[in-house]
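The next part holds the structures, each set out as structure tokens.
Shared between the two complexes below is chain A, which pairs with chain B and chain C, respectively.
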Partner chain A sequence: MGKKIQINKEFVDIMPQDYLDLVDNGTYESPNRGWKDFGTATELIAEHSLCAGCPESIAFRHIMASIPNPEDTVMVGSTGCTSLVFPMIAVHNIHSLFGNQNAIATGLKRALAVRFPDRVKDVIVLAGDGATVDIGLDMTLQSWFRKERFTTICFDNELYANTGGQESGLMQKGFLAKMAPVGKKFEKVRLPEIARESGCDYVAIMTASKPSLVEKVIKQAVLIAREVGPTYIQIYTPCILEIGKQSMEGLQEMRTSEAPGERFKFREFISPEAQSFLDGLAEKKKAEKLAATGATS
Partner chain B sequence: MYNVAEVNAEECVAQKGCRLCIMYCPEANCIQMDTTKMVATIVESRCKGCELCVVVCDAAKHNAIKMVAR
Partner chain C sequence: MATETNSRVPQIGQRNKKNQLITDPNEMFFLSPRTPSFLTGSEVIREAIRRASVDFSVAYPITPQSEASSLVGELFAEGYVGDYMRGESEFAVMGQCAGAAFGGARVFTTTAGPGTLRAFENFPMWAGSRLPIQVVFTVRGVNSPLTIQPDTLEIAFMLETGMLLWHAETAQDLFDFMLKGYYVAEQPEVHLPIGVICDGFFVTHTKDMVMMTPEDLALPHYDPYRSPVVCMDMEVPPVRMMRDPFVMKSNYISYMTHASWQLEIRAAIERSRKHTIPILDGLIDVENPDAEIMMVASGTAVSQAREAIRLFRDKGVKVGLVKIKTLRPFPTEEIRKATEHAKHIFVPEFNVAGWLAREIKSTIDRNGRVIAGPHVAGGMTMPPEIIVEEIEKHLAHRRNKELVHG
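Coming up: the complex of A and B.
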């Protein structure tokens, strides 16, 4: 059992089993946490109300398993399908007004630095494309211009899903949705490129089809945000209902959309400062490994 | 009636390291690894019946999961 997450002894007997499981069998303070904990450790996300087969749930699971420091992380959410999941995650989180998430995260990150000067506190924004690119674009961009040190994750399902399928800035050109019947007339906003030009030190665009890749990207993004500057991850989480797919077809949809030349082909931008930070980390790991093998031989 | 997934322990190759269904099930804590028998096990009360586990298990030709009515 970790030291930071504990149940007050007086309350143990009245706590629900799920809560006890989280404390006893969760992955707080586990330095090598990752998707490999699935199936044996208790996940930091529980029964939520997203649709059967929703790829967003898959992405959420992968992310919750990968964030490096869950016991000292605060997540900021916004309005959308993601806000149905936040009450069911076992990490501190704040629901912001629609679009305000990066402004809230800015204040939060600064306040945490003042309140806990000796502790590492990570802030992670997780919001949909409507919140990130349309309604909250001002706040998103301004936080990057100011080089605020937190990670912004956008769950891109290319439309407004839980209000019935309206057009969003990240929708593809020409796409027809239930509430956008004439088809989108403009290109999908190139937010990854905009992020790079706006000051992000790490940018990735991907799907949630490979848990190992999601894990690697999330860890890099959070660590770079901690030490170097803002980071941005855009993950395709298709809304199977709005694009007319069956509940078991979400994974294939993600795989199809990340093929070479497709809009979610994995791309990554790493600034020189972030790259030298990552190189430093790799060096340190190598040295530690060497020391460990040296000690045993 | 509600459909849930069921693992056939004879067919499951988790022993050899397969974790496909556990990786891709959209529901958290829903497919667990029985570490004594080394087979994937469905927690029925959490299963939403999406069939994604069947798709990934079949694609790898293990055919160890089928949907059953409850």
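Coming up: the complex of A and C.
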């Protein structure tokens, strides 16, 4: 636990125990934070009000464990199932309207850059597919065209879950849903490809089944957004309720959907600039490791 | 308006990177020497922003504010504004403004007519989130067929957004309202967005003499830590706001939370009075308060009404005038008092709906005295002769009615 997040001594006796735990046993300012902290450290997301077994809650946990500098990260959400979780997350986060998340993040990131020109302040957008691809598509794309320096994460459950399972642009063709009474007539929107063409320096499509992969992707995406340009991650978080699955079947649904040839098979795009940045990071890490080994031997 | 305690932000008495002296707002408004400049309304907007220590501004072209928002861009290029960008639509622009304000920036933007309506969902969100963003509405028509002409109808849509709304009559008002607007909107007990309204073209595109504060004085920077809600910059520890978001609940606690917050926004508007009254010298100005015939107006309709008073004076008829400076807070008591002796209250307006007359009718006693009009709309001018003619026509009609029925 670092020094930034502290409780005024006068207030310690009136703060709830879970907040004290967060301060004493949280992972703010921990340089190697990650999903392996589960079970030993207090997580930035303690509870949620999503359905039991919702894969979105799994993805949320993995992401919150993986963001590199939570003590200097502000998140932006949108309306939908994610907006029910954000109030319980222990970093500053903004909900304002439905679909405007990338516009909010644009202003936020720029304001933080004006106010803290010499400091790291990461901005991460996390919204559902309706917010990202349908109602907010204009603002999603425009932020990428402008090369805004933040990460956009889309929780893709292939429908409008919070309003009861209506058709969305990321829904698969032919799927029967509310507002698609004879099946969806057009293909799942290819936002990862569009993201690449729109200026994103890093794009990944995946599920939340593997915490180590989520951790790697999130860290890369946030660091590239900080130093190079916009990044986009699309994570399959199936709505078990709307696809007729049981609470314990979410993980298997994600695994099935990421098998070779399936629509959520892990794919990533890294721009040459982002790759050279990642190579530089790897070199630096290697050098540090070497130096540490040298110092101890 | 205390200055932010961030060490890189210049404090009162220090100079910013443009060598402007950060000055106490009251000293700047009332004690600093003023010099006359002959400027368009758009240039006045630029000059106010030059002196306002703005951190972030977003622009989007729409007539008649395009020139003003471009001029703010020039200020950014000169180093007077922290960051500046062109948004992709007014809805996005107002989101970008919100994001920056959530992040602790002083924010400025402008829009008009259809832009205002396209952005509309943002305004109650700004108010509910307590973001003291300033937007200048250079109002124009919103009807179809397409119009770009001056018309104040869009103000009617803005009245219940929870924003402070001040209506400038002249370019001088515009300059003063913009600077003073930040001062009031950012008070911790107010902390609301403010719309400074001016009538498109009549104010933006005409030249007028404006008494300006010195160019080398600037307002203190916005201090985001004097906000009644947390600044989203992770500089103060985060909280888990609630276990169950209120949106999930259909119970009394949830209803009460939403209701009380709406009431609080309205209460904050009312609390702005105590800061606004001294700084604007009242929410209204009154001319000839003892006249039996009164006019009540806001914006450029005030100037036209003033001319009409002169024409009436030449005819030996005394007519009075109430100039409304703030539509939110609405000067209910002030208008009641100023019109208590009036037998006839005319409300000249540049819109077809007569929203100001409706506001007045709903707040004063014996509201049968209120005559909604004269109106012009769609870009028409309102010559003072028309005001005189309409008032005379109405009074003659009333006299005839009294003769017949009386």
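Remarks
By definition in this document, the second predicted complex is superposed on the first by the 294 of 297 C-alpha atoms of A that agree within 3 Å, B and C clash if a C-alpha of one lies under 4 Å from a C-alpha of the other, contacts with A are read in each partner's own complex, and residues count from 1 in each chain.
Rule of thumb we're sticking to: a contact is a pair of C-beta atoms (placed from the backbone, for glycine too) under 8 Å apart; a residue touches a chain by one contact, two chains touch by 3 or more.
It should be emphasised that the depicted structure is a prediction, and the values quoted were computed from it without experimental measurement.
Upon superposition of the two complexes on chain A, no clash is found between chain B and chain C, which fit side by side.
Chain A is touched at more residues by one of its partners, and among chain B and chain C that partner is C. Of the two partner chains placed by superposition, A:T231 touches none, neither chain B nor chain C. After overlaying the two complexes on the shared chain, residue contacts for A:L251 are found with chain B alone; chain C is out of touch. Seen from the CA centre of chain A, the centres of chain B and chain C span an angle of about 130°, rounded to a multiple of 10.
Once the two complexes are laid over each other on the shared chain, residue contacts for A:I58 go to chain B alone; chain C is not touched. Judged by the touch definition given at the top, the superposed model places A:Q220 against neither chain B nor chain C. In the superposition on chain A, contact of A:W35 is made with chain B only, not with chain C.
When both complexes are overlaid on chain A, the residue A:T27 reaches neither chain B nor chain C. Of the two partner chains placed by the overlay, only chain B lies in contact with A:E43; chain C stays clear of it.
Once the two complexes are overlaid on the shared chain, A:R110 sits against chain C while remaining clear of chain B. Legend: residue contacts after superposition of the two complexes on their common chain; A:Y19 is shown touching chain C, with no touch to chain B. With the two structures overlaid on their shared chain A, chain B and chain C come no closer than 12 Å at the level of C-alpha atoms.
Residues 46-47 of chain A are contacted both by chain B in one complex and by chain C in the other. Interface residues of chain B facing chain A in the complex, by the touch rule stated above, are 19, 22-29, 31-33, 35, 40, 46, 48-52, 54-56. The touching residues of chain A, when paired with chain B in their complex, are 35, 38-40, 42-43, 45-48, 50-55, 57-58, 60-61, 64, 211, 246-248, 250-252.
Within the complex formed with chain A, the chain C residues making contact are 6, 8, 55-56, 58, 82-83, 85, 87-89, 91-93, 95-105, 107, 121-122, 125, 129, 230, 232-234, 237-245, 247-248. Residues 5-7, 18-19, 23, 46-47, 49, 71-74, 76, 83-84, 86-94, 96-97, 100, 103-117, 121, 138-139, 142, 146 of chain A touch chain C in their complex.
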